[in-house]
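As written, the chains take the letters A, B and C, and residue 1 is the first residue of each chain.
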């Protein structure tokens, strides 16, 4: 799997896709969606879709696909090669959400949670396939969240497509298994070949599975904690594992939208200058209030250096 | 009051100075001292289509360069030989100089309404308001 | 997910990021001393402020800090917690000499300036007389007499006002050049705008310039300059006032230029609360409390107050809070909550009267 496009800038999201098989543009198709790397505190999360004509479901079954989690890394690689060999009727596409995208989205001023992020990635991929001319009729989605709500969301978004959202879809439907294999292979590659944009010097890449409860991962997070910057972008800052470590071991950093300073954030949204101006004048009611030229520019005289 | 007003701080200009890359961040970092700025921060700045982006502690920042007004320079002053009591005279030296710096907003695009951009207009206006000009 | 830690107070720092006029840090010539930061009496506040005297005390600079919450610096390979940015800009030493001349003028006689510029709280003030041409420019603010080789001075308000007027004109030019928005002050009904727009705009610029210059002079002189510049007064009409006990509005009429121009109207404009604020007039003004005084056509209710946004004062001070109907030209009007404190007028928030 060639990830060079993502590796060129692994701070942002990236979409990778196979060629669209011609047969998918003329025949009714089914499409499976699955994700890989949702839980880990390290590396990207990958959304994968796989699609083929409904008539080719049996051919897909013959590839002996299974849920990627039940397979070894080697088996997954083999199966991905088989999928690639079947490119005359099977297509795939991936959305790689970089850990930096995950961190900055989830920690955004107006929070963008992981579910919304995931749904948007999935919807984006389906739309991409539709835009490419695939005759999409059936959609199978594996989910960890509430299935009914997600199913309704997708059905509304893609009228005319029969949507099935259910847990364990990756073991029930071969097309979802195929999607899960694509996603997992991409995630494994991305983690293994991660090039740190930071200058990390001699780096120990023994970070284990990346899951927060993996002792190797924990040890790595402790070892590479920087007191000012926290972590390289490879780490998802929005994970509580990372946050907890930062809270106890890194220097405190305060933002204007921190809960502690929520008053400030409210002031910013309403009328910052007015309020701070008022506060200032209340404090020094005896002296003259500075001209608005200075208050607007946050400029003040100094009493001492 | 009386004694504290006497104290003067001499700005010593005899020292060696270096050029420094300077960034104004949209957060308060409770720390003064050495940090791996170039390794973690500068190395990850993306400069595309007039838009600088970077992230700090998992938060997305957007940045813009600010150039010192004409006739002005950026200086970093550092106190040297800090006296034990506040009665004594103090000394500061210029530890680094800069002609431009980058200021970073949390998520929002830098614009002319940003406090720091507005504040940079002060030297130009100060010239008219408060400078000694010889009339006629 | 955000850090919920309380900010710890910041102790004394030993580094400062400064934007300084190049002349302030030019290497000293020969035996001249290095530049020094000194504390001198701020003519506007009468309290200590920080200034810089250039090499050999040749030039005076003022020091202002850009100080906004939630900033820190990266400087090279270091972090500096203090996110302030200091500005060191040249300043006319006459501003700092003036209060001493004015104080001495009470005696009414000509005196050697060295005897006048003395301050036991701020002994460094005598160094102002070493500034290049500080002595030579004293005639802008004082009458001069030569007796033998000795020069004697006596403060002249007329000269000072003429000198300040020239400063104001210079400032107006600079403001125009920078295209700074100056004309967003709220206008009251006692001041009906009958002039043509360019003229009115010229007045806004002059009012703004006066406000800026007032940062460098005493309140008395600021008032005198206001008259000298022939800036129209702005005050709240007494008629609209209720028979309230605390009649601060009538006790202390709001001074034009001193207060109105200080409205942070920038924020109003940004929020489109006052679309064309240059044409806004206060047509009525009454306190929130005291229903007897509330005109029937637009009565004020609790919802109107927005006093919850006031961080400092509770509702017990409501008798100082006033609701005004602002009337932009050609529009139905906006309401605005105003508050008097220490005789100064504050605009709180504006809200669309049509929403009621």
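The criterion applied here is as follows: a contact is a pair of C-beta atoms (placed from the backbone, for glycine too) under 8 Å apart; a residue touches a chain by one contact, two chains touch by 3 or more.
In this text the structure is predicted, and so the values were computed from the model without any measurement.
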Mind having a look at which chain is the central one, using mean CA positions?
B
Higher-contact pair (C-beta pairs counted), A-B versus B-C:
B-C
Separation of mean Cα positions, chain C and chain A [Å, integer]
50
What is the distance in Å between the mean C-alpha positions of chain A and chain B?
36
Measuring from the mean C-alpha position of chain B to the mean C-alpha position of chain C, what distance in angstrom results?
25
Multi-chain contacts in chain A, i.e. residues touching at least two other chains, fall at 107, 228, 238, 246, 252-257, 293, 296-299, 304-305
Among all residues of chain B, which ones touch two or more of the remaining chains?
4, 9, 26-31, 35-36, 38, 41, 92, 115, 119, 121-122, 125
Chain C, residues touching no fewer than two other chains:
7-8, 16, 37, 39, 48, 62, 64, 66, 68-70, 79, 87, 180, 212, 215
So in the complex, which bits of chain C are touching chain A?
1-8, 16, 37, 39, 42, 44-45, 47-50, 62-70, 79, 86-87, 180, 208, 211-212, 214-215, 219, 258, 261-267, 271, 309-313, 341-342, 344, 346-349
Residue numbers of chain B touching chain A in their complex, please.
4, 9, 26-31, 35-36, 38-41, 43-44, 46, 55-60, 90, 92, 106-107, 115, 118-119, 121-122, 125
State the interface residues of chain B toward chain C in the complex, per the touch definition above.
1-2, 4-14, 18, 20-38, 41, 68-69, 71-79, 82, 92, 94-96, 113, 115-116, 119-135
Spell out the part of chain C that touches chain B in their complex, as residue ranges.
7-8, 13-23, 25, 27-28, 33-39, 48, 52, 55, 60, 62, 64, 66, 68-83, 85, 87, 89-95, 120-124, 131, 133-134, 137, 140, 163, 166-167, 170-171, 173-175, 178, 180, 209, 212-213, 215-216, 270
Seen from chain A, its contact residues with chain C in the complex are 106-107, 111, 228, 238, 240, 243, 246-247, 252-261, 263-264, 270-275, 277-279, 281-282, 285, 287-305
